[in-house]
Structure formats: structure tokens, C-alpha cells
């Protein structure tokens, strides 16, 4: 086992940890430790909400969650000899849960608190607790399903340079400015409230907190990509924008469906992750990996071969209005079709929604050129159900 | 082998066939034959362009293609005892090429002739011819790759009712009316030019051709979904809108990448398809399959376990403008990232573009809630390349 | 489609074909055609028994089968420029059935006529006819199962040199001499009765027929390996013992379980096979491929992930006698365990036996060193059954 | 995490543990704890040799290993309410290594000390140490390979009844009596030397040690099956022969090739295993699971799709003598063919031998009826090598 270089006390908030992490992106956040290329280490992580959600049947913690606190991250790690223009090569060696926390949560955020992909259909908060039996997850709140975990970090990324950070803040503010009162908002802008910036104090804290980008979206540095296939055994090639790369990680998921549609999220857990770092000098230019990370998949994903698949096209489900090649809408329709179908199997809409967000479902951009309709599909493995899910004569 | 109920002469255009098919959707197009539930049959298909593209190195046929002719379909088939509200169950038993046509084409349409997903980057027409060696496809125009086919019908669907057809025509016209001069257009509206309506003649032809929906987009009836996983061995549950269901099929692909991003398209082929039909009476209501077909996957897809994966987020690649959860844009960025990378492996941009459109690449909606960025990924199997495609130190 | 170089009339016996094949191994059997390295061609094949088995419910043809006639092979093919010491590289491009023969047979040979792996338990002849619906096989004689084909040639190989042929005949005669009257015999020795030797006549026929090795066993040249994974898309590296390699092929199976335990056999079919040949000069020495062919698997096998697995160890099922690391016995016990179990699902023993011989079951040498017991396993995919096959509380 | 019910101190031998396990099979060995049906628990295990092998480059510990000490097992566990005739259902929830022991060993036993499958070819002792980087194993002693673990218990089983134990002892003694001086012996008979029998002392110890069956072979109770696919996520149905079932487990492997051909063995490790137990009352008769356990596979095995496969037939490699359907010999020839080939890639014979024993290679009984040759295959995944392992022109 690689040495634990970032340690967590599950009973403390991130800012109370002996070595606090952070929940904003900023080049000036000091590294928590340094590692050499070729080195492996373990980092422990809190769940993305900083421990706001409890293992019980009461939805109020989801309903009242403070989203300015997210995502509490472990890091950043300075990798020696890594400079802007390089590729930081990160092997995700292994990921696991803590023995004292063998459960995770999924939830639907209330519309007024951020909502989710289907907030127009499911505006109320909901919660499901998932318990782990070895490799399998199941939930007392979503009966009749069980599936092996595809454990992964929802969020992993390098630090932005000042220039890149400015670009993020500028472009996101321009978007928000289209409708600053929108609920949920178009984007989360820098906000000093609930910021955690390692051990930084005073003026420097205020500066970083005011400028630091929120961790919600994925961006050029990777970040909150929520890619379920970025699991143990995979290798990521990150663009490097600052000296040392400054790698951070968090938002671990025991499992997640493509799209993480309920927003909260996959099966959210604290846990540990073992990483090995390396560098390809000058790799950003050589391999033209500049806009986003590139990764290589793992040979140990759960494998399924029999799926029930739902299609969706880009026609508004309320108005019947035709949209132009809108894959977001097409995927929404596919998910709504899946939910309508699962209701005929006995699930509530909320259960089906949370199942799509947690189980290893495949969300695909199947057709993206057949004007005016995009066609997206969502594929659910048959074997997660305890009975045959297909239509019968 | 099931009996061939729809026969094609490869040397004739669809309207010259002994039993002509059609290239518009309309409930009044007469069935070409009837089949009982439980019956299997073979249907032969022309390629989607009605034979406009030749196996040569001259791109002019792609450049000058008449897109009003597409997609020439085989059918419709009337299934006895099937009525609106039922589910038409279609088993795709097998699909194959003709011995005299063991090749297919892919192309990039010129911007002025419809373009494709990346038309802003690749506005010129291009063509690649793919030859089949048993289960494998390779191309003299895209060297260094070979992959097993994931053969499937790009287009399969039931006929719309009059009401549904009206809805299609209305919503698509409303979209076009936003910018009727747009190139490429927002949608293809009914057009009598180049219409093929079976053996229908005279006034009835004019009526159907004027009202008949173009076959370009996928819709409630299935249609041009371009789902690569709808391969031999899969089973589709179609909503039924007219008596007999009126099933039509065409646009066969030897292979296709998710999204079919070049528009033209997968590896486009004429060929044959063996189908078995059955019915679930009242299934639309019982299973809430109303908006789109549902399908079950096949156990014989090509399997890969090692992919190089490119991410993309919804930031405009030209302006740097931030878009809101735009999966179309995110998938575009992922594809552009893949193309930039493949150029470092020695491919031209056009070759890489056509490769993404033809090879069994997985296009996924990985994250769809992390405001303001959608995250899409495109995953290319390592084993299609004749050398290791990963970055090296 | 590659050109058909070996054509079959399904209504004629092999020796009546325009271009007759052969059913003995001998270096002097003349090639039926020549091909260049890099060339592809189609060969058509009769079923291994030369058409002795009919699609009906009458077992008498299996019971009275003439096994001196097997296996009727297509070939041999002379590959230009290929010499002893080279490796003949054979790509199995594709394999298929004839439209007029979309069925195959499996059977249990009567004990007195060769028997099979479990002849002590199932001494009577039995027959099952399997019908093909596209990629799937099912049987009116073994209800409740359906599975995709893993089509392959049971037999493919190069010709032996005179020296190698002598070695075969010598070692097999020595084995038979231990108990020449044994039923079934220890080996099938050369026999002029029912020999087919291409167009060879007269003295030369007699010489070859008297010396020619029977085709029953796999040997250094490949031959009757009955390896289910040698399917379309795979590549074989054959040792070459004579000028031109002299490749022959036959005994096509639509599907087969590991071990082909009923002896007759997999799902036996006539059909066609598309091959591409090439050469690695001096490859036998360079790669030390001398004793048996080596092959590379295909990416398009049917894939399953959920199996019910039966174990067996090397203790005699009748006497309880302990044998020493006897994998043959251990596999027999595993198969018997599977059959006993399947009888509790409602199958007869004969049905279960034939199912193990036809379905894509995995037979593994799991442990081979744990004295005194070998441990073999036979794994049956869950998804071939139309109901859940696992034990229930 | 389930509660740890059997704890190990890695610095102590099994008989010095606070709660000692056992290394003989006997119905009278007292249970170390009881569990209810439906209960989950963790058991820790020493490596099979009781810690005799060190992580160094000195082969002497392998050479001088005391094999009378093997296998030190954790257990037995008494499951409440479980009686002879029932099936004990065991879910293998998860398995892992200890942080302080992230390495394992493989070795070749010297001929005089038990040897292995290929002892006639590799009579000298050898050792390879494998280190774990997250899910991957690699070895400084076998360069150029790396593969994900398929972690599993080599040994898991229920206790025999007195009758069954007598039958084992009787049949194995009869075998040994054929040649009591044979090296290696035909079987390991009961031996009081180095026996570990929990906390049992005095006369009772002597009785159990004298009667207790050695743990080397797999038998009706499961035991040392060494089935690589019995991995985390799988479910086993064990026949029950004594009250409480008395389940024991040990001999954990990080990975193993089919056959575990080097005898020592897979990648041998200490570690922990999480099990859940349940019961099917009367299941032995109902499901005819009497001779050996039955199991269901896991959805999270490593997956490979491209293998290089070696065939072997039952002809003696030294004498050229023909054997009759001898799958043991055929698998040996396949393994020898693989080793000869890997030597052309630069491996020593010993390295190749140990690789076949440790990597996730598939050993199949491909053909078992084609008299007189059995055909076995050994398939090595391409992707474990750091370069292309296939023959080149």
C-alpha cells in the first residue's frame, strides 16, 4: 500500500482537518505535499458535501444542503519537475471506502437549491442511502436492484494558471449575466462564503476565495468530469498549467450512471484513492492535449452484455417544440422514457430517477447529425434487476 | 434462411425496382407485403443514397449528392393483427452484405450540401471507401486501422398516423421558420422533388409526396436513429400508430461510431436484413412506450476493453463562449480533441473525422448536471489501430 | 466476397462432387487449387458425415452412421511459395451457412458405434436438430434454450510430411495394439473403406487410402481440434510440413461447447468459409511453433458474464476410485454434475448432455497440480436459458 | 465493512495466533465462531505456507519449504441451523491484501519437494515475487508483464463427515499404495507432523491429526479447487456434511492462471475475505449438488478479448508415445508449447512457467472425444505484455 500522504478524520469538517484541503480552484493554493515522478501515494477524501448528509431516511439534509461548501477536495499535490506545457500522467491504482463508512448517498436536490437534470419533473428533494456488500451496492430506498460498483473520483484535476482562471471567471460570468436571477443559476461564480483554502488565512484567504473558481463544472483542467469509467486501473493524461501541476481529487463515487443526472449525484462517498504520478515533458504540444484531459480505460470495469435501452430525441416534452440537434434534451427524453417505463415495473418516479443516476447505465450520443433531432440513448443492464425487466407478451 | 419478401436489383434505382420502396414517411404508403406475428422474412435494401456513390477515389459524387433522394427504404410491411396502441416486436435476426458489393462508403458532405457535425471545421467534401475482409473493415483512404463490423440498420421504424405526421410537419416547420435561409437548414421539410412512394402514382403520389415527412431525423416511430448497438441479435419494441404497424427499414451500416458525426455517415452499404415480427397487444399503454422505441441489446457485438478517451465540455471552440449544459457542443469538443490528437499520430483531420464516424467508438454523455458544463466523451478502441495509440514518454 | 475456389453441391456425396475433397491425411493428395500469399478465397464444405444425417426426429441415421466416411474435407489448397519450416498464416475471415440448410445436428453415438465422452452413462443413440434464427440456434429437441452461434471449423490443418504421417500411424497403432478389440477403439487406424481421395484413382488411391491417417484426432498439423474459439475473425499460425502447406478444412460447427463431449458433436453443418492465407518464412524455428498450431482469438465472440459453474475432480464416478491428476476424469465429473443439476430443471439426461456439447460452455482445467485430484469446471452461460437456472431458497 | 471474526497477526505462525486455524480436514475440529444465515463477516488469512516464503531473491525458502504445514486455513465457521443435506450458500463479497503485505510469491517446487505440473522439465526450485500497484501485479523476476488481479481464495470448503473423511483416506491410500516411494507422491496422506488443529490439545489433537485429511486436493467439500473465477462477487453453493457446515477458507491468490501449474502456485498472499452465508434447506437432494460445489461467476473479472492461444494434444513430449484422450497430458503439451514460444520473446523457461501459473490465462478442455487425442488450449491475454506478442512476418 502506498503511503498515506493526505489523511482525513471522518468526524471533522474539511477546514478542521489537520491538513485541510480546498473547495475552490486557484493557482495560489499551496500544495499539501510534494511527490516525485514515479511515486505512488494514498490520499483520503471526504464526501463532496463535507459530511452534510446522514445515513437516515430524513430528506431534510439534502433539502437544506449548503452547496457553497462543495466540493471539498484533497490536495493540491505538487509533482516535482512538472511545468506548464507538460502532461501529468496519473494512474488511478485503486480506490476504496472506509470500513467505518460502507454506505453512500444519492439524492435529488430541491428545485430552489440547484435542482438537477429533471428538476422540472422532480422539483422536490429526495434521498436514497446505498449500502455496500463487498463489491455490490443496494438501497433500502430503491428495492429490487443490486449492482457492482464502478468506483471512481467524480472530480480530479490540475490547478489552473492565473490566465486560465481569469478566462473561466470571465466566460462564466457572461453566461450568468444573461439571467442573474435564474433558479437554478446558469453557473456558480466565485463566492467567499463557505470557501475552504487549506491553511491559508487572512488577506491571502480573501483573495483566493474571491477569485477562486467554483469546483462544480469540468473544465480544461479536468475537474468535476463525473466520468464513471475513470475507475481504478485507468490512466489520465492531464494538461499542466502551473509549476508542479497541483493535482487535487475528491467527490468519490461508489458507482454512477452516465450523466450523473440527479446532480447529487452518483453514490457519494468518502474514501481513499491511490495514485501514481508521472510526467511527459512537453506533452501538451506534442500530443495536442490542451483543452481537456485524455484517459485510458481500465480492464476491470463491471461487464454487462444485456441491456434495456431507451431512446430520446430533441423534442420538448412539455410543449412538443422541436429543438435543433439538442443532445441535452434528447438525453433528457431518453431518461424520462426510462423512468416512465420503470414506473410500470413498480418504481416511483423518484426511485427510477435516482437509479439512473447511481447504477452503471450507459448514456450515449447515438445520432447527432440527423437534423433536426439528436438521438440519445440510455442503456440499463438487465442484471441489476432481481427480475426480468423486459416487456412480456 | 427466411424467405426474401423484398428483393432489390443493385443495378436499378429504388423507383425502378420491381417492388419499389419509399423515401418519405406517410401512413398511406401501401404495404409491400403482409406478415403474421411470429413470421420471419428477409428484406433487401439499397444504400441510403439510392446508389449515388461509387467505389472510387473521386469525391465529386459525395460533393454533388442529391439529398432529397434519401433515405430509400424497403417496406412498409403490414403485420397482421397489429393495431395502434400495440407494440410491434422486431427481432433483428441477421444482417449481411451482398457478395457483389463488399464495400461501403463514408463521406463528409460539403457545407453547402448539408455539412455535418464539424462542418465549421471541415467544410469541404471528402470520401472514404471501406472494404470488407470477412468481419473486418479497412480503407485505402484511412490507413493503419481495421475493425470488426457492428452491422446495423441506421433506419428502422413504423409509419406515423396522420395526427403524428401532422405534428412532425408542424413542429419542424416552426423550427425552420426561425431562419428559413440557413445553410445547412434546421430541418428538411416535405418535398416532392425526388420522392419515391412505392407504386403510388398520380394524385395520390402528389398528396403523399407533399405531406410525407422526410426520413432524416429519428422520431417517435424510431426512424433514422443511427444507433450502432441496434445490431443483429437485438430486439426492438416499436410503438404502433397505424393498422399493421407498417414497418420500413434501410440505411444499413457495416459499422458506425456513436453520433455518426460525418453525417454520411457510418460505413454505408446496401445489403439484406432478416427480421422476425411479433406483437404485444396494448403494449404502448402497459409499458408506457409511446415517445420512442425501446430495445434490447445483442450478445454478439464486437468487444473491446482498452480505449483512449477524449473529453469535451460546452465551451465554444472558436469564441471561448460558455454555453449552458450543451451536450451537443461538449460532444463536438470531445470529437475535436480526438481529431487533434489523431493528427499527432499522422492522420489528416478529414481522416480522423471519418474514422470517428465509422469505427465502433463510444460517445457518452458522461456528466450533464455540472453547471454550466456538460461533459461528453468519445472513446476509441485501442485495438483498431495497427500501433499503440497512447502517449509515450 | 472472395471468389469461391471450392464449390459444393449439397445434394451430392463428396466423392461425387465436381471437385472432390478428401477424408484422409496424406502428403500425396493433390491440391485442388493454388493460392498466393495474401490471397483470399471461399471454400464450401459438406457436413463432417458427408450428409448422412437428416433433419427429422428419427435417430436411426445417428445410430447407423458410417464413421469410416468422416470427416469429408474441402481441399487441400496449395499456397505458392510455402515450404516446410514456414508458418502458414490463415485468417478466418468469415463463415456462414447455406440458405437452403439453416439447421444443424447434434447427436449421441451409440456405444457400439464409437460412443462419446459419457458413453458409459448414455450408451444409446440420440439426436437433436438445431434450427437457426439469424445468429441464434434453438432446438425442438432441447426446449427452453437459445444461444448465439460461435461458428467455427472443427477441423482445419495442413498436410503431414511422409515422416510425420509415419509417426502418426506408428504411435496410434501401438496404442490400439494394447487392446485391439476395444469398443470404442483406442484410435482409428488407416482404412481403405469409405476413403475419399479427391480425383485420385487406381493404385495411387489404394496407396493413399491404405497409408492415409484418419482425420479423427487433432495432431501436429492442427486437424480436428474442435476449438470453439477458432471462430471468424481469428488468425491461425500453422506449421508447414510439405511444399505448399496443403491446407484443408471442414467439420463446420454453428456452435459447440468446450470438449464437444457428445462426439457428434457441436451443431454440425455444411457451409462456407472465407480464408486468407499468408506465410512467415522460416517461422517454425523462429517462433518454435512445431508441435501444434498457435492462434489469435477474434473480437466478435458472443460474450457472457454470468455463468453457472460445475466442478469435477478425478474420482471415478462408479467405483469411487481415486485417480491421479486425471483431467479427463475431472472434466467428466464436472459434466456429469452439470447434467444431474439440469435434470432438476426438467431436462432429460440426454438433452442436458447434448446441450453441453452444443452451447457455448466453457470447459476449464482449473487446478491440475493438487495431488491427487485434478479440478476441472464446466461453465454454462445463464442467458442461454429462458428462465433463471440458479438454485433458489 | 463486516465485522472481523477471524483475526491474524502476520508476524505469528498459525498455531501461535490468538485464534488458531487448522491445516487438516476433520469433522471434529471445533468451530472458531458461529454465524447466522444472512450474516456477513470478515476472515483474515495467512498465506498457504504459514509464512515460510520471504520477499527476496533467494530461492532457498521455496526449495526447503515444509509442505506438511500447508494449507493453514481460517475457520471453521459454524453456520447456525445448517445441517447435512443442506446447501451452504456463500457470497464472496470482497477480498483484499493487507497494507503491510502488498506483495505475493510464486515458485517452482524442486522435484524432490513435490515438483509441479512440468517438474520433468523444470526440476529445480525457482521463485518470483510479485508486487501490487493498486489493481495490477508485476514482478522484478518476470519483466515486461503486468496484469490486473483476479483475486480469489484457492481453498474454501465445508468439513467432511466422518464417513466422507474415511472414504477420502481410503481411496487416497489405495492410490499411494500403487507406488509408495514415488517422488512426488501420488497423494499426501494424513500426517501428524506440522498439523495445526485450532486450540485442540492432547489426545484429541493426536486423533484429529492422525485421521485428518490433508488439504492439498479439491474434493466433495470444495477445498483446494484453485479456481481463479471464484473471485469477489461470486456465489458458491456448498454441500453440507456436518452440523453447521463448518466452513474454512485460505490460500488466497492475487491472481492465478488456470491449472495453477507451478503448484506454488498463483500469486500467493495473506489477506482478508468478506463472506456472507446463507442456507438452502434440503438443497443437496433438490438440486443434486452432492459431489462438488456449484458456483455463480462475478461481473467484475478482468476482461480481455485478444489472446494468443497454444494447443496441445495427448502425445508424450519425451517418448512420442500416443496416450488415449489424456487431457492432463494435452494441457501439459499446450503449456510447453506456450513456454517454447515465450522463450522466443526473451523469457527464460522458468519465467514463462511462472507466468502461466500467475497471469489470468485460460486453460480449456477444447476437444475431449477425438480419439486418441484430447486437445487442450492455454490462452494468454495479449494485453499483459508490454509489447505485441504475436508472430511477425
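A, B, C and D label the chains in the order they appear, each numbered from 1.
The working rule: a residue touches a chain if its C-beta (ideal position, glycine included) is under 8 Å from a C-beta of that chain, and two chains touch if they have at least 3 such contacts.
Everything numeric here is computed off the predicted structure, so don't read it as measured data.
Annotation of subunit A and subunit B: jointly contacted by C, D, touch as defined at the top. Compared with subunit D, the chain whose C-alpha mean position is the greatest distance off is B. With each centre defined as the average position of its C-alpha atoms, the distance from subunit A to subunit D rounds to 40 Å.
Chain centres here are Cα averages; for subunit C and subunit D they lie 32 Å apart. Subunit B and subunit D have Cα centroids lying 51 Å from one another. Multi-chain contact residues of subunit D (touching two or more other chains): 299, 301, 303-306, 383. The touching residues of subunit C, counted against subunit A in their complex, run 303-306, 383. On subunit A, the positions that touch subunit D within their shared complex are 1, 40, 91-94, 97, 99-100, 102, 133-136, 148, 232-233, 274, 276, 298-304, 383. By the touch rule above, subunit A contacts subunit B in their complex via residues 87, 89, 116-117, 167, 171-172, 174-175, 184-188, 216-220, 222, 224-229, 237, 258-263, 265, 278-280, 283, 286-297, 299, 301, 305-313, 315, 317, 320-328, 331, 333-334, 336-337, 340-341, 343-344, 362-377, 379, 382, 390-393.
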